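To keep things simple, chains are lettered A, B, C, D and E as they appear, and every chain counts its residues starting from 1.
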Amino acid sequence: ADPIKIGRVVHMTGPAAGGDAVSHTPNVKLWVKQVNDRGGLKVGDEMRLIEMVEYDDKSNPAEMIKAVQRLATQDDVDFLLSPWGTGFNAAAAPIFAKYGYPQISVTNITDEIPELSERFPGMFFTLGSTTGFVEGLRDTLNKLRDSGAIGNKVAMVNVADSFGIELAAVARELLPAAGYEIVFDKSYPLGTADLSPVVKGAKAAEPDAFIAFSYPPDTFALTEQAIIEDLNVGAFYTAVATAFPAYAGKFGSKIEGNLGAGGVNLDQEAMKAYRAAFTKHNDGPPEYWAAATYYAGLQVLEQAIEGAGTTDRQAVTDFIKANEFDTAIGAISFDEHNESRHYWTVGQWKDGAFNAVAGVGVPVGMEPVAKDGWN
Amino acid sequence: MLEIRNLTVTYGLHKALQGVSLTAEKGEVVVILGANGAGKSSLLRAIAGISEGDVAGDVTLAGASLRSLGADRIVEQGIAFVPEGRGIFGDLSVWENLMLGAYPERARARRKQNLERVVSLFPKLAQRRGQTVRTMSGGEQQMVAIGRAIMSNPDILMLDEPSLGLSPLLCRDLFENLSKIRETGIGVLLVEQNAKQSLAMADRGYLIENGRITGEGQADALLSDPAVQKAYLGGV
Amino acid sequence: MTPGDPILFVNNVTKRFGGLVAVNNVSFEVREHEVMGLIGPNGSGKSTTMNMISGALKATSGSITLKGHDLTRAKTFENARFGVSRTFQLVRILPELSVLENVIAGAVFGHKRRWGAEAEAFAAGLLERVGLAERITAPVGSLTYIDQKRLELARALAGEPSVLLLDEWLAGLNPSELKVGIDLVASLRQEGRTIILVEHVMDAIRSLCDRCLVINSGTKIAEGTPDAVLSDPDVIRAYLGEG
Amino acid sequence: MDILISGLLLGGTYALIAMGLTLQYGVARIMNLANGEVLVIGALTAFLVYTSLAVSPLVTVLVIAPLAFAASWLVYRILLLPLVRRAKNQGQLEVDSILATFGMGFFLVGGMVFIYPELFAYSYLAVPVDLAGTTVAANRLVAFGGAVLIGLALYLWLNRTRAGLAVRAVAVSPLAAGLVGINVEKTSALAFAIGGMITAMGGVLISTFITLDPSFGVIFTMKALIIVIMGGVGDIRGAIVAALILGVVETAVATLIDPGLTLAAAYTIFLLVLLFRPEGLFGRRPA
Amino acid sequence: MMPASLRPLLVAGGLLGLAGFVPLVADGYWLSIAVTILMYVALSTSWALFSGPTHYIALSTGAFFGIGGYLVGLGMSDYDQSFWAMAAIAPFVATGLAALIGWATLRLSGVYFVIFTLGLAEMIRNLISWIQNNFLGSRGLYVLTDLDERHIYWMLLAITAGVFLFGWRLGRSRLGFALRILGNDEEVARHVGINTARTKILMFMTTGFVAALVGAVVAPRYYYIEPNVVFSPELSFIVVIMALLGGTRRLYGPLLGVIPFTLLWEVISVSFPNATTMVLGLTFLLIVYGIPNGITGLLSGFAARRSA
């Protein structure tokens, strides 16, 4: 039988390349290999192999749009995988919709889910909303505060890009409402070479918790500075890349107790199996956040195609909406806004692993504990 | 000393020089006269190794061929060149320019003597040693350029229209100085518009027209040649 | 043409570059239809004076006025519009423009403005005037040195300036070309143009100038008819050299 | 005090980024837009050797120097010299070198993605050091020391040696340099190669405290260009002073006003410097 | 009889009319290539209007383009403005800013100007982000409109036509002549009476206006505006490279650069999906070495050889 053609736009270089290379690409490789090794996808009575068609957009949305168009109209791919990043998913949505492709978006965190899903009925959301994220963080802080580990004073910094600005804006509403006092609130530009003034300033405000809505390079830099400055807080939170193996690779045991965006439940059998397979296939473990969810998205697509028994895209989309799927992150289903309300929001490093301590509709791996110094 | 045989310079399709042969000895001043565009500068630039065109023919200095050498090696062989537009380091001081003039290996040992020579020729350069050359007046810059070339301790000094823009007084000084330079044993190959004054102090001269040598001779003979007078001396 | 009333007034102008006084308290007037020579040793401040009149440099103190317009503090382009035109000591041709356009450039934005067909006709006339009529279609890169000088002169004339500044316009010409050049300036003089001329060529100064100003080290040392100043002992000592 | 120390350290980082480019642009007249990529290559090498062979970056920096020198030399001789020879004027060369090195930058990024597409970071000397009451990271201090050493060596080389003199002469006027017996092409190649070497060394030192991925180069290129121009093209002192000023100003603004405004402050300084000294701090006016 | 100078105008008008039909025959992929081409044609051509004659390599396209996109996103997401209102406002904001920047920077010349404009996108992105962060707050800037690629194409076509018309008029105007003189020799330009500062600022403003307008018009295509994507220094470079590739001496030069370049880029992306960046880099190098004077230079070279 003919193979099933699946298209994907990759950011090989440019600002979005690092995220793509960690959270998406190795998963796609793993998934394609697994499926093809067992003979392909079962569509009706046929076993059909997967054939990937990929283009590089160099993190340029105009290029991505062209590439998606090309996949849809020139390569006539049967399905498309969602690109990496909130903005890229938004830019791709109209084309996915125009040609009726289901868009199981993962690395796409937004509060506009209802509007988007109404506009693009085939667009699915799996990694949560902005508000959901901050709520998870708030709840984690609440638990720590209730246990007496931290007080009310929060120092907050954010990278001055859409992602950071948006999260910080939500936090400025939710945290004071929960009785927190934001004693330090600053942004810094993307690509700042030296974050020591930021950490020094935060430390001078004597906070109980430090929250950074940060991007990968600054997540590393903030943590390093906090170690240097010995910023001793009961809760130390950094956002994107805290869940990356490279984070632990750089800091080793010093980050014990650090909080960050994401996290997974390492006790789940499915998760264990996924992580083992990933590690074997890619010579290293996956990161502890979006990678598993992205893989889960691939599983949703796989099960929907097999379940619908056809490559008819409308049928597959309908199947996704109507059913529950068994994935690496557990059972997934979508609500009336196509949102999967099964995601983790906050993780914490413990014994060299990043466990989820807060989530929506999923069991957490452990309860948060206070961070106890940088050792 | 310096011998040029059958030199041809072409810019694209345009032949600026055709089969030019000439010589210059140590301790003599040779002047080259010719109308604008005759090819005088092209000749000197070809000898100095900075021609933008295609060069064919022989250039030898004391029997050694210079043809395939770069500008830097030619300086080492003993030819110093002051091009039109002077070729100085405009953004450096007078003194730095002179010191750089002594960059070639051959010049380093005699740096002090040469410096004394330059300062006695152009005392103003010592007064203005710290001035950035670009801010100097036209004539002052010309002094720097010649000074710089003398610092390279050349056997042959080539000058392209050195009197351009100099006051009458300085002009006369310049030609006197060139005589003095000749007395130190340096050969001078000079392109000049100021035919009267230059022939007056030169030993020999060549006439160039449309890229070819059309005449040569002892300076005094040329000076009294009616044809030369008509073409280059304002038809007195 | 006989000189008329003074139109350009240079009053106590001084120009300092850091510690160096390039022009020191110089004053003079230029009358309409007059050709004034400005001579002096190298580095005496001639080009600097020209630059202050054209607006390329601002005077440290003193004032310059042309027909009631204050040139001292004005921008360079304003000086041009008030009626100053110049040529440069090192020729400055606009290499990417045609010969004709090079001249039109002087006619469009300056003192008397023309545009379109009128400017073209006027520029063509000027090219003929300076003897470049045949080269009108030649690429500018192929112009000989004297033709470039002619072209620059035509450009300077194109704005019909009240005063024309020629900074060593004759330098670098060989004796026969020099004759052509002197004749050309002489014909401008015949037309009654007002010109300030900086030259080191004494034949030109003698035959072209109504009056001469001599500066040395930035200071005016003599003023008068060419014959008078060129036989002035101070001038001979500082500039011409004895004997 | 705090601000001054942190600012100077940051300035040291900037100097590492910019010193190489000032040679390449000032002397060899190549506006090298692949400068940042060379830096990242240095950093990536340090990371790979550190994580796979456990070799200290302080060793890597010495090993990479001759390699980067040789590679840059070749790039100049093979790829850039034809452009230099062809250019009729400085403007033409500027345009050509912008285009060519932009292409090289692309090529290098693409190559690095093949080798290691992800973020890379490792921990080296990430320990606090007390410096006049301010805590600073030891690795930044080491990098600063490296910057000082490299800057000093370069300065001495330029001002005390014959080759250095030739380099400075070529920076001012290639034509005149040829006439005083300097081999302009060789000297330019030398300057370009040393520039590449310094940049790669800077990359190694910076990798001890900055997290990068292969696409980061452009950020460094822009910083470097700004510093080079601010300092005055071709003047090594200028680049160093400009780097330090930028470091101190950015730190001061981040500490006293708002970290969000550091880049804006940097550009404001850049603009102010150029408005009051269009030739740059130590530069000479373009002729 | 028609005057010779109107001929190119009619030809251009005809081509434009034809171009208007593209969305009716091309769809999907080809349409999005067409949109990309038009976007770059408008940007490169307007860039060349200023930088071509003056030789000032402005790398500010990304900055003004970003302002256009960003303001549209901001206005629509946070202030409930319509797309049309924001698309109308944005270019004027950019023009004002260009005037300010031009006033401050055009005293810089050569490489100083190049570097400053290169940093401009970065600086504006930071300032805007900072303002948004501290004073506006936001929930992501979505540009949700009902415009599809066809509409964007037609809008871009109108802008491109406007740019060409403007360029054509400019070529015949005193301003255009002043620019050419200025590009040859600024000193001479001042001495023939040209207000060089004003001339440069006016043109810089024009370029800023067009770039912002294009940025605003293509914003609906991106749906979501991220500062670090719309303020892209890479865009500035690509625009310059395309214009130089085509040649800046003629109004249609950039057009001749954009079309082959975009198609070549496309071919490379498709043929080397795993090494696009590397191959593109090599291609840049080949272009620099192989086509030193741009495509118009190449063409006039052919023409000269034929007539010789």
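To be clear about the criterion, a contact is a pair of C-beta atoms (placed from the backbone, for glycine too) under 8 Å apart; a residue touches a chain by one contact, two chains touch by 3 or more.
Model, not experiment: these values are computed from the prediction.
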Distance in touch steps, counted as few as possible, from chain A out to chain E: 1
Neighbouring chains shared between chain D and chain E, ordered by label: A
Most distant chain from chain C, judged by the mean position of its C-alpha atoms: A
Between A-D and B-C, the pair joined by more C-beta contacts: A-D
Reference chain E; chain at largest CA-centroid distance: B
Chain A-chain D separation of Cα centroids, rounded to whole Å: 36
Distance between chain centroids, defined by C-alpha means - chain C, chain E (Å): 43
Rounded Å distance, chain A centre to chain B centre (Cα mean): 75
Where chain B and chain E are represented by their mean Cα positions, the distance between them in whole Å: 51
Numbers and ranges of chain B residues touching at least 2 other chains: none
Numbers and ranges of chain D residues touching at least 2 other chains: 109-110, 113, 258, 260, 263
Residues of chain E engaged with two or more neighbouring chains: 126, 129-130, 133-134, 234, 276-277
Touching chain combinations (by label order): A-D, A-E, B-C, B-D, C-E, D-E
Chain A-facing residues of chain E, complex: 27-29, 31-33, 36, 39, 125-126, 129-130, 132-134, 137-142, 144, 148, 218, 221-229, 232, 234, 266, 269-270, 273-274, 276-277
Of chain C, residues touching chain B in the complex: 17, 20, 40-44, 47, 89-90, 144-146, 168, 171-179, 200, 202, 238-241
Chain E residues within the chain D interface of the complex: 55, 57, 104-105, 107-112, 114-116, 118-120, 122-123, 126-127, 129-130, 133-134, 233-234, 237, 240-241, 244, 275-285, 287-289, 292
Interfacial residue positions of chain A with respect to chain E in the complex: 10, 12-15, 53-56, 58-63, 65-67, 69-70, 72-74, 86-87, 89-91, 93-94, 98-99, 110-112, 115, 119, 130, 158, 160-166, 168-170, 172, 187, 189-190
Chain C-touching residues of chain B, taken from the complex the two chains share: 33, 35-37, 85, 131, 135-140, 142, 161, 164-173, 193, 195-196, 231-235
